[in-house]
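Labels run A, B, C and D following the written order; every chain starts at residue 1.
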Amino acid sequence: MVVSGVVPPLCTPLTADGEVDTRSLGSLVEHVLAAGAHAVFVLGTSGESALLTDAQRAAALAAAVEAVAGRVPVLAGVIDMTTARVLDHARAAAALGADALVATAPFYTGTHPAEVADHFRRVRAGAGLPLLAYDIPSAVHSKLSAPTLLELAEDGTLAGLKDSSGDLGALRRLLVALRERGRAHDFAVLTGSELTVDAALLAGADGVVPGLGNVDPAGYVRLYEHARAGRWAEAAAEQDRLAALFALVDAGGTAEMSGSAAALGGFKAALRALGVIECAATAAPLRVLPDHAVARVRRLLAEAGLL
Amino acid sequence: MVVSGVVPPLCTPLTADGEVDTRSLGSLVEHVLAAGAHAVFVLGTSGESALLTDAQRAAALAAAVEAVAGRVPVLAGVIDMTTARVLDHARAAAALGADALVATAPFYTGTHPAEVADHFRRVRAGAGLPLLAYDIPSAVHSKLSAPTLLELAEDGTLAGLKDSSGDLGALRRLLVALRERGRAHDFAVLTGSELTVDAALLAGADGVVPGLGNVDPAGYVRLYEHARAGRWAEAAAEQDRLAALFALVDAGGTAEMSGSAAALGGFKAALRALGVIECAATAAPLRVLPDHAVARVRRLLAEAGLL
Amino acid sequence: MVVSGVVPPLCTPLTADGEVDTRSLGSLVEHVLAAGAHAVFVLGTSGESALLTDAQRAAALAAAVEAVAGRVPVLAGVIDMTTARVLDHARAAAALGADALVATAPFYTGTHPAEVADHFRRVRAGAGLPLLAYDIPSAVHSKLSAPTLLELAEDGTLAGLKDSSGDLGALRRLLVALRERGRAHDFAVLTGSELTVDAALLAGADGVVPGLGNVDPAGYVRLYEHARAGRWAEAAAEQDRLAALFALVDAGGTAEMSGSAAALGGFKAALRALGVIECAATAAPLRVLPDHAVARVRRLLAEAGLL
Amino acid sequence: MVVSGVVPPLCTPLTADGEVDTRSLGSLVEHVLAAGAHAVFVLGTSGESALLTDAQRAAALAAAVEAVAGRVPVLAGVIDMTTARVLDHARAAAALGADALVATAPFYTGTHPAEVADHFRRVRAGAGLPLLAYDIPSAVHSKLSAPTLLELAEDGTLAGLKDSSGDLGALRRLLVALRERGRAHDFAVLTGSELTVDAALLAGADGVVPGLGNVDPAGYVRLYEHARAGRWAEAAAEQDRLAALFALVDAGGTAEMSGSAAALGGFKAALRALGVIECAATAAPLRVLPDHAVARVRRLLAEAGLL
């Protein structure tokens, strides 16, 4: 299994003028490792990788690799529109010391399932690192199908899946099918859905990549340990507490800013309130969380016992 | 709580010439009640209510009420495009002896959340029976929002929710919010997602309305009882078995027929194979399940230990 | 050709307590026929048919047939979820004196193109009146494909198409294909897009079914006559004037009401300002156009030279 | 007006091993300029820019600028997910000699209209070249709203719009609104819809960016000149001929390949058949057009009088 357990998709702290704040990123790495995170995922959606230049992506990944210093695996997102562009990111990530890569299906350009499979095969072959598929229909506007994933699990192209589709029913069917085919042991199924971690683990998922795990990694580690020990009522109670805390992604509302800006701004406002990062800025063109929303984030942290 | 537990959304058996087969419907009622179902839901999506005339709907509901004979509550779907039309169905269902109604938001015509709320208020006021909201974005093409549902729970308009959205994260947040507001005890949250019943119950849902529960009601009752007793590993194992059986909805494929035709045809082919109903016909214009698919349905039943 | 020219999709005037105002409907019929309309379409989307009970639909259709009194053809919408339900409406419409029927593909229940074709064949066979397909993806959530339409044009199932898809490129390809197959003369292609009537006629469409034609039927008749005479610059100028007037569908905004409520309310507010109908009420649960929006509707009518 | 007339969105010819074939690109430039094209658009969707690495994009743009040699304006696509990434492309394009830039709204990351406006303002300010907005909901999964476009036209951020939304009704309203505000003369409205060029010009558009204009630029120039001279019947006849030819985008079907692969492969197969480019390869992971489809492309070219 290339990775399992709690794998926070690290936010990318920025300075007030929009550059990668590598010192704060180091501090964030310590925050999650001190809480017991089993790996980190750099340059995912929570890491604003879609909003960073190639130079900024490289700066963030290099800083994370240095801060982690081999203590846990570092997964690197290689998010771009199509195969050749993803391969450029993959080679860069490999050179910077990533342990595994996470790639979406092509987007912007529509693709056929056979083209999606070919895409993952080419990325795997070209990059020389274990590859996880990243299923995130809200961003990519297509869903990875079970037959495609099973085919790529069976031929060794994919070492796992980060599922941010929110479709736990489909994930269940995939997990059952992997077991039927005897591939469950070497294909890592990670859920990216913050609010159904207990359910995904109950269904047999191997780990969890929760954006909210930047803010409360200890909560997700407790949840994970309860689940591994079969303490499901305690896992659910922890999940309920985290579900209440998750309201920080809505603090900004959507009348004046995007859901992306509200969610990423909410995570960063919380991290700043907790003293983990210096500045809560998100990348342009995302709007800044207004003061009343920052105040609400602080209240939610207090209610969750974190502040 | 108006309803809880396992509530199969009954298929509507048809004769070869397309009429409601009331005898087979009675047999289906016995099939699910013998397995321990806690209520039945007539004229839902699995009941092909969108495909039945008003006369056929009435025939099906009357037959179900008669067959149930007061042993468990009968929920009736009142599915139509907008308020006045739903009210006509609601009055008809009340006259036929339904115990509670299940209505979607308006569809065909786009609506604002304030209009959706007004719709449910008018249906509740006009029908005089407890009302559950039916959230099924795949059919209605909009999702009921948490603020709307909470508002209608708090003012007593809604007695519950049948959630067929597949969005377990949103359901989790709703359950947490209902508990925070002290409404969890009198608002019934039922999941319509066959594959995540264990997860929904772990999150605090009150019951389950699984289409597959027509075929294997005993499996869902076992699952429910495991969950109520805190035997989560056993619940998950039962859920996994049911997830494998659920493949019968795909037996028809989608190259030559709709997913609706494949799923409804799969349920009915299984019920016929089990000797519960006489004829596996679905309503026009749904295509008929081909023989090879019926054979696959039988193999899946055998693998699940049902045949 | 079953129908061509300007075919207003008649609004259904309602009284303040929500009943069909047959006197105002008669007045609306005179309003459009006096302007030179070539046919009328009753119980379409602009006619709020999705919001009316079966009894109200019958009342509206009967009143329109009586008011038209044979002067032009009366097309009747038979909008419902699936085949058997549409057939019930079709038989009712035939009995009430409709000259042709307009039906959508099935909705709520997902369907395969082969099932869509079967649906239209069954409706055509069962109703005994010429049948037009109504392509309105914004309501039905699927689009009629060119192969399906061509097949149903060639075998005589469909006498025409009302295209409210807004996809003029697809309409162009259909028109070219109909000419290639020699079916252009007996298959009526009508556009339901108020803002591209000149373009559709330039591409070879036979007529137009503009919701805005309730308000300014004379404008659309002028546009149509310019187009038929090859006066394309004049047609475009008339279309531009109508495009400015079309802003009345936005007067209500979408912050507090649905787009449906704003558009239907805008049409009815204009008809009331023009003295054509008594009351601007729309059916529940659509919200009422606020006063400032009604004032804006009046200004737009004045700017268009109608008030 | 920064640009008007026929502006082919140039295909990017590739060699069999996937590199930019600059010699064929030069030949394509001559093909369209000899036909009378008024400008060229490099690195658009038809130019496979989503499928090219940054190095390949630079190679293609440099080759096009060199081949055009100042005879007409060169527009360059700067397609990427968000602001900072687009700015990197914008600076590169400016350095390579582009005359104007074409950028989409952000994608992958969801954005609020205020963020979209900010995005265009930052790209305009950072790049120092005239900027056109590229509205292509099929790829970007959001539509540019009229209020945003009008605001950015009025404050000088945008010099124009390439509209590939297919929504000619919305385009009509925009054109009317630009004229009302007196901005029609300095804001270039270009349609990217191959099949409604006559309609867009009748509505007042300034030019056309048709992918099919790679194959038959002379046809689009004739269409444009007919329109400019008010010969609308002739324009429509030319448009009908081009609509029939457009079937080459479907030759590959969608059972075995994506619509993108079929369309781009169709254009390139046609260009190869016409002797304009050396090799019809498209970039990975798009599947290759099968032989029977290439044969169909040749037949369509023959029917259109091009072969």
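In this section, a contact is a pair of C-beta atoms (placed from the backbone, for glycine too) under 8 Å apart; a residue touches a chain by one contact, two chains touch by 3 or more.
This structure is a prediction, so every number in the text was calculated from the model and none was measured.
Considering every other chain in turn, none proves to be in contact with both chain C and chain D.
Least step count on the touch graph, chain B to chain C: 1. The greatest centre-to-centre gap from chain C, using C-alpha centroids, is found for A. Shared numbers divided by all numbers used gives the overlap of an interface; between chain A and chain D this overlap exceeds half, so the copies present the same residues.
The mean-CA centres of chain A and chain D are about 35 angstrom from one another, to the nearest whole unit. Inter-chain spacing, taken between the CA centroids of chain A and chain C, is 48 Å. In chain B, there is no position where the chain touches two or more neighbouring chains simultaneously.
Each chain pair that touches appears in this list: A-B, A-D, B-C, C-D.
Chain D makes touch with chain A in their complex at residues 18, 45, 50-54, 56, 79, 81-85, 87-88, 106-112, 114-116, 118-119, 122, 138-141, 254, 256-261, 283-287.
Listed in rising order, the residues of chain A touching chain B in the complex are 166-170, 172-173, 176, 180, 193-196, 198-199, 202-204, 230, 232-233, 236, 239-240, 243-244, 246-247.
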